[in-house]
Amino acid sequence: MNELLIIIFAPLLGGVLAWALNVRGIRELLGVAGAAVPLAYLVKLYSELDASGQLSHSIDFAGFTFSFSLTHLTWVFAMIAGVVGLASTIAMVSTSRDGYEWLFALMSLTGAYGVFLSFDLLGFFIFWELMTVGSFMMVLKYSRSAGLKYFVLSVVGAFAMFLAIAKIYALSGSFAFPDVANAVYYAMGRGDLALVFGLFLVAFGVKAGMFPLHVWAPDAYSETNQSYTAMFSGVLSKTGVYGFILIYMLIGYRLMVEFGAFRSAPKFGYIIAFLGGLTIIVGGLLAALQEDIRKLFAYSSISQIGYILVAFGVGTSLSIEAGIYHAISHALFKGLFFLIVATIIYRTGKTTFADMGGLAEKMPFTFAMAFVAILSLAGIPPMAGFVSKWLIFEAVISQNLPILGGMVFFGSAIGFVYLIRFTYAVWFGQRPTDLDDTKDAPLPLAVAMAILAIPNIVFGIAPGLVVKELNKIFGGEIVTSPTLWELNLGFGRYNGLLILVWLIVGLLIAAVIYFLGAPVRKVPVTDTYQSGNPVTMEYNLTIRRNFFLPLKEALAFWLRISFDKLYRDIGAWVEDFAEVMRNYVYNGNVQSYAWYLALILLILAMWGV
Amino acid sequence: MVDWRLYEPLINFARKRSMWIVAFCTGCGGIEMPPLMTSRYDLERFGMMPNPAPRMADLFLITGYVTPKTLKRIIITYEMQPDPKYVLAHGSCPLNGGIYWDAYNAIKHLDKYIPVDVAIAGCMPRPEAVMDGIKKIMDLIETGKADGWKRYKENYEYYKKNQDELFGEGWREKTARRWIPWLMGREKKREEE
Amino acid sequence: MNGQYASLLIALPLISAFFVPLIKELGRKAVMGYLVMITALQTAIAGWVANEVYSTGKPIIVIAGGWKPPVGINLYIGHFAALFVLIIAVISFFMAIFSFRAVNVEPVDKYAMLFLLLMLGATGMIATGDIFNLFVFMEITAISAYALTAYNKTGEAAEASMKYIVLGGIGSSFFLIGVALIYGATGTLNMAHLAQLAGAIDPTVAQVGLALIIFGLAVEAELFPLNAWAPDAYQAAPHPITVMFSAFVVKAGLYAIGRLLYLFQGAEGWSGLLRLLVILATLTVIVAELSALRQKDAKRMIAYSSIGQVGMIAFALALGTQAGVSAGVFHMVNHAIVKALLFLTVGYVGVALGGTAIENFQGLGKRMPLTALTITIGSLATVGIPLFNIFWSKIRILLAGVEAGYSWSVALILGASVVEAVYYFRLVHTMWFVEGGGRIRENFAIGVIAIFLAALIIVIGVYPNDVWTIVQKAGQDLFNVANYIKNVPLMGVGA
Amino acid sequence: MIETALKALFILLYATFVGFMFMGIIRIVTARIHRRVGPPIYQPILDTIKLLSKKSNITHGLIYDFGILYAVGATILAVMFIPLGSIGVLRAYGDLILITFLLEIPMLGIMFAAMSSGNPYAGIGAQRALLTLLAIQVPLGFAIVALAEFYGTFSTYEIVMAQQTMGWSIFHFPLLLAAIAYDLVLQAMFGKEPFDIMIAPGEISLGPMVEFGGKHMGLLQIQHAIALFAETLFFANIFLGGGVVTAFSSSILNTIAGLAVLLVKQVAVLLIATFMGAIFPRFTIDQAAKFYWKWPTIIAALGAVLASL
Amino acid sequence: MNVPDISIYYFGAIALVLIGLYAALVKKNLLKILIGLSIMETGVNLLLISIGYVSGKSAPILSEGVGPTQAVDPIPQALVLTAIVIGVATTAMALSAVVLIYEKYRTLNVEEIRRLRG
């Protein structure tokens, strides 16, 4: 059997076996193996890929030809799926209770692999659906409304994509990417092109969580096994991101030719970029106002995806490379965050900020991981998150796009804001007394977190590692990387190692001064200055709810506008309409039914004569 | 480690010329502080600066009479200050009760509860007198005689006994808990809203 | 072997139906056993016929009484008919087994008779090569269906039956008018012959005649708004009969529409009729799916869903392209399997828990895990999830739709599919994640059937190649009229 | 290597010393505006010595200590990247974005430390500080964007060099707008009135700083000094032409003269902030946010758009 | 307009169909609707017969002196025979359903027989 097919179907096989056997122990082993095998194959195929540039395989199936291809681009995305998927499944060993979750989690992983490796639109669509179903089933188990919201939006997206695919197929008679690109370039009309672009935008926008199609994400991300959410947010949303690259690959040239560019960016790219910018801002602001730890990160995930969309929208090869870099780092740090959330929920059983606090002392390892993730997400050098954000900044601003630049800047600040809220409410401050015997992360979760935390640091200090791979995608030195540590864009430079070294120097200087001073004495949280009032642990010393109340008040006007509500209203309207319609149409009176027949006869008569 | 005794004069000078005050006006003498700090007398000349938090402050001004209720806060705040720390008592009241000498609810001798480095007599002492007191405490710092914080440590049993006599054992927790029902009620009300 | 034995497909159920009163005295079990036996026999014959047709690649033409067409009446068992006769037989066989458990109302002998006649009617409709004969078989199907709908003898059953009779009566009358007009214009009733003459008919007559025929058949084929009888009949009929309605009675009507439509390819105004059918089919899908959205009764909900799927098949058949027809035939097969499974299992739940209201499905995953699992598989398949069979036929239909230029229609159908997904997943959620009552023992035979059908769904879903080859041939059979004419040994009268 | 180390040491000492002087200048100037005498200029140094020499210190846990160290370390890191006249250690890597981030992250360290104490005042203070950060980030971002787009490079050093031939940034209209916005932002970065609600002394007892005492506060004083130096230096570099002097033949003289020029520019920036701080009352946090999201944003965005044309 | 005399049968047949349809569409009583259906069927049968009718020819019974050329088209007559049988069966079936409905609902008004709806 071909390696590509093994990569794609190993998780599904593992999942089905785990579900069918459903024996504690073997189930977990099979599941983790299902996620580990593709990763191993991907690593193994790397040298082959490097030599040949592309590994392809195609099969005839059900009257269609499905082709799969491992290119540098798909390898990068598949590696994201591999690493995050593996970490997520390892974490599921702790948090997952039954075979059901293993089946569907791994099914969605198969879907993600399939989406990345498919080299034709139909296969892409099929795996896309598979992935959607797998993840939907994971959500459905926890919440019906969140699941259905997710599914309806996803399916709307998937069907939009399908319509676009069908349009293209009607034109080209083939699903394979090269044929499609050719056919679109030479034969597609302006109207159809715009339609296909719009449909793709909806399709991929839904999965990526693009504003205003993001409303499923907060509910779906939070209402499922949090270990799985690491994969959900880390890998599955990347399929949407990959889809945007696909837009460029398939219809990008034609769009560029047909609609041209405004200033330096393609006109259609502005749509993506500005929606991305809005996604950053809306996601970030809403993240800051959440009271539930899972929702905070769900919105944060939306916000971070916005960066990628902005980068893709700008449409230069530098910006797309930056976007892919951010996709990698987003997968790493957001996966890590959701694993941390999983650990917290696993150990405390609580999800709202109001019930937490002071866990840093009780869960030092988890906190250390959280610290890495926070630094990475907030874009603190030298972390992977900073490098990718930096690249996006440079890519966007160097194209003279001031408004987008401002949006991106705002996004980085809002990142600080919600992260500090998370840090404050969960790790610091007073600990509720019922959390006093909380233990640190169990081994599987700890291993999973470590798997994701290490690249977060490594890819920040040695960005050359990543950039080398990404340059191969474009077949040129988009970002020159003289050494492993350094990036050079011509108009901006970054050196991770230097930053690390000098940061350590700075820390050493500070530490020397610190240790010259008198020794410190540890005091409890009740021994803090409360205007001289004595306090005990019964007091609530932490602002647990409405931390950013002033922000909420300042934004009160905008917060009233809710797309979630709009979609719910549309849904309710459709249901009511259906109710009314069926009671009128199928009213139970046989005579009315006879009238329908007469009506059709009348129409036939009018049509005939 | 470095032998810090070599730098003792410098450090003492710094301590003397950089006294941060806990801005905690415990009594009627607080009104004397604005003239001290503003353009008329300008204590900032000597590096003094009102400071709202006790953790980084050096000088504690007891500006007037002390009631048991304030005394609890004074003790807690005083204990929060890092060493070395100094206490300057304003006026007669902290010394002997002053006009409240027979009041049931005023503390007559502050130095039974915390050590006082310098006391300024008067009711109230004028800013000039306060400045004189500050000058005095500066001298004491320079010569190393402002050792109230050492005394508090050494004679902690004594101070503790006096405090407990006045407030009863475990007064900190008891005082703290007095407010909880009220706080809880307010919390509940807010939630209902 | 002589192909003429294929006439047994018609003869066996007909003759055996008349033997039922004889064994009535032996009791219920005997009658049911007889039913199972006959359907098994029928399955064997159908299997043999299908094998014959697909191995030789030639259709079997059965000529009645030695009269050659177009004077004599002939049966035409081509690739399509062979496939569907087999499906009819297999489903009937399963339902005969299911009837053991599901049908408790006396008189069982009448039930068995009608059951066989229904099977006969549908088989005949698909196998016949004569347009009037088609009418006769349609009426046989319809009358036995009317009777079976009312079989439960409740008020609802009688009401549903009455609606069916009134609408079916009007429909068949107009069908007959259409036949009369066509006959008047061509002087022949043989389909192959008709196809030959189609181009030469007076356009108005052809148009009106064809339109009326399609109208009459559309009542059977449940096109909106002619399908008002369907949900009621589905709901009120005994559970096995519902399965049969959905699995092949409708399909026979659809087949007839498709067959007659393509026979008259040459007629003027043909493409206009196609467009009308596409509009009706799209409306059928939308209205049916929306009506299913808030149903309180699972059986009725699935009935609406079935109507929606049938609309999609009609859409595919009305596209007028080879791809569309093949996809439609594929969907017919898949839909027959899936809906058989769904109505079977839901009916079984109805039998076991005394009703098919959605509340009865709460916690079904714990109460009847096997049934719940198969319902889930059926639901997922209907929604069109990859790795289930309907997915393949659905995307085929939709691709063909866009290719034929009906993007708007495809978009609407996709929108309706979203609605479909919603109510099916609500059902799935109700079954697995809502608490319910205690565990119930499941019937072994029904479990086996359900698992067989579910396995079929998954097997076709995972490996659709073979089935696709078969249905492609069947679709060819339906679409390629020239071949059809060539295969029927016409005498050359009036040609 | 040795040279780099010496340079770095020089920068560090110079930055610290000048930073302390700046703090003293702020206090003196403010006092003079209040018609007071004010403390001696070296007063902040005395304060720092005193704080570092405290004989007892408290901690609330590891993060409480590490946050402070991190803040100091990051500030030192930031100052290394900003070109200081002709002296520079890492100025080749002195990317605008990087420096902007580096100037913000010490705050993150302080917030971490403050929050880990569990003091509610610190919590509120952190909240206000973050919202201020959120408020200033929009005009700040636009100002940086304007700069980068005007000069077509992100390197601070190259921007300084470009100004030697093209004239100071503020003499170009788009960048003048950006400079105005940036200067308003600087007010909040310094934590001066009217944007000092985050440390509002009378209300929330210095907010994030409430729990710091002894050597923690001493380190923070050092950090504050370096940060003050770095921020003014950054502004002087990107908007006021930096401190490149080539008038003398001796490179040492040139360097000294460059430092002097820079110092003048830095003090000018500082004085503007001090004057504004001394005469304005305090904005509440929502007022501050609304202010920053209105005029400075419009000005900076206009500058950015004009610069990109 | 010169209408051929054969058309009279057509018009009569179509009229019967329409009358039947009218009854089915307008009458509220189930029995009347069924009667309408029957009338409609009759009309259809008549139409079939008239299609095969050739003016002046005899019945298509193979007897003395009647060859294929003298007889009317026999096929429609055969069809009508079948159709009549089917019609009778349908009517019988319908009537039995009506009996059942009346037992259960105690009414024959179609507007009240609406338990299955929606």
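By letter and in written order, the chains are A, B, C, D and E; residue numbering begins at 1 in each of them.
Note that in this section a contact is a pair of C-beta atoms (placed from the backbone, for glycine too) under 8 Å apart; a residue touches a chain by one contact, two chains touch by 3 or more.
Quick caveat, the model's predicted, so the values are computed rather than measured.
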Sort out for me whether A-D or A-B is joined by the greater number of C-beta contact pairs. A-D
Greatest centre-to-centre gap (Cα means) from chain E is with chain B
Which chain would you call central, comparing Cα centres to the global Cα centre? A
With chain centres defined as C-alpha means, what is the inter-centre distance between chain D and chain E in Å? 98
Whole-Å distance, C-alpha centre of chain B to that of chain E, is 113
The distance between the C-alpha centres of chain A and chain E, rounded to whole Å, is 67
Taking each chain's mean CA coordinate, chain C and chain D are separated, in whole Å, by 79
In chain E, which residues are in touch with two or more of the other chains? 21, 24, 33, 113-116, 118
If a residue has to touch 2 or more other chains to count, which residues of chain C qualify? 162-163, 166, 170, 231-232, 291
For chain A, which residues are shared contacts with two or more other chains? 516, 527, 529, 531, 582, 586, 588, 590, 594
Chains touching one another, given as label pairs in label order: A-B, A-C, A-D, A-E, B-D, C-E
Please output the residues of chain A touching chain E within their complex, sorted ascending. 582-583, 586-591, 594-595, 598
Listed in rising order, the residues of chain A that touch chain C in the complex are 61-63, 122, 125-127, 129-130, 133, 136, 140-141, 144, 147-148, 151-152, 155-156, 159, 162-163, 166-167, 169-170, 574-575, 577-579, 581-582, 585-586, 588, 590, 592-594, 596-597, 599-601, 603-604, 607-608
Where on chain D does chain A make contact in their complex? 8, 12, 52-61, 63, 65, 68-70, 72-77, 80, 89-90, 92-93, 95-98, 101-102, 104-105, 108, 111-112, 115-121, 123-124, 126-128, 130-131, 133-134, 137-138, 140-142, 144-146, 148-149, 152-155, 205, 210-211, 214-215, 218-219, 222, 285-286, 289-290, 297, 300-301, 304-305, 307-308
Residues on chain C engaged by chain E in the complex (per definition of touch): 132, 135-136, 139, 142-143, 146-147, 150, 153-163, 165-166, 168-170, 172-173, 176-177, 179-181, 183-184, 187, 189, 231-232, 235-236, 291
Per the contact definition, I'd like the list of chain A residues that touch chain B in the complex. 516, 527, 529, 531-536, 538-540
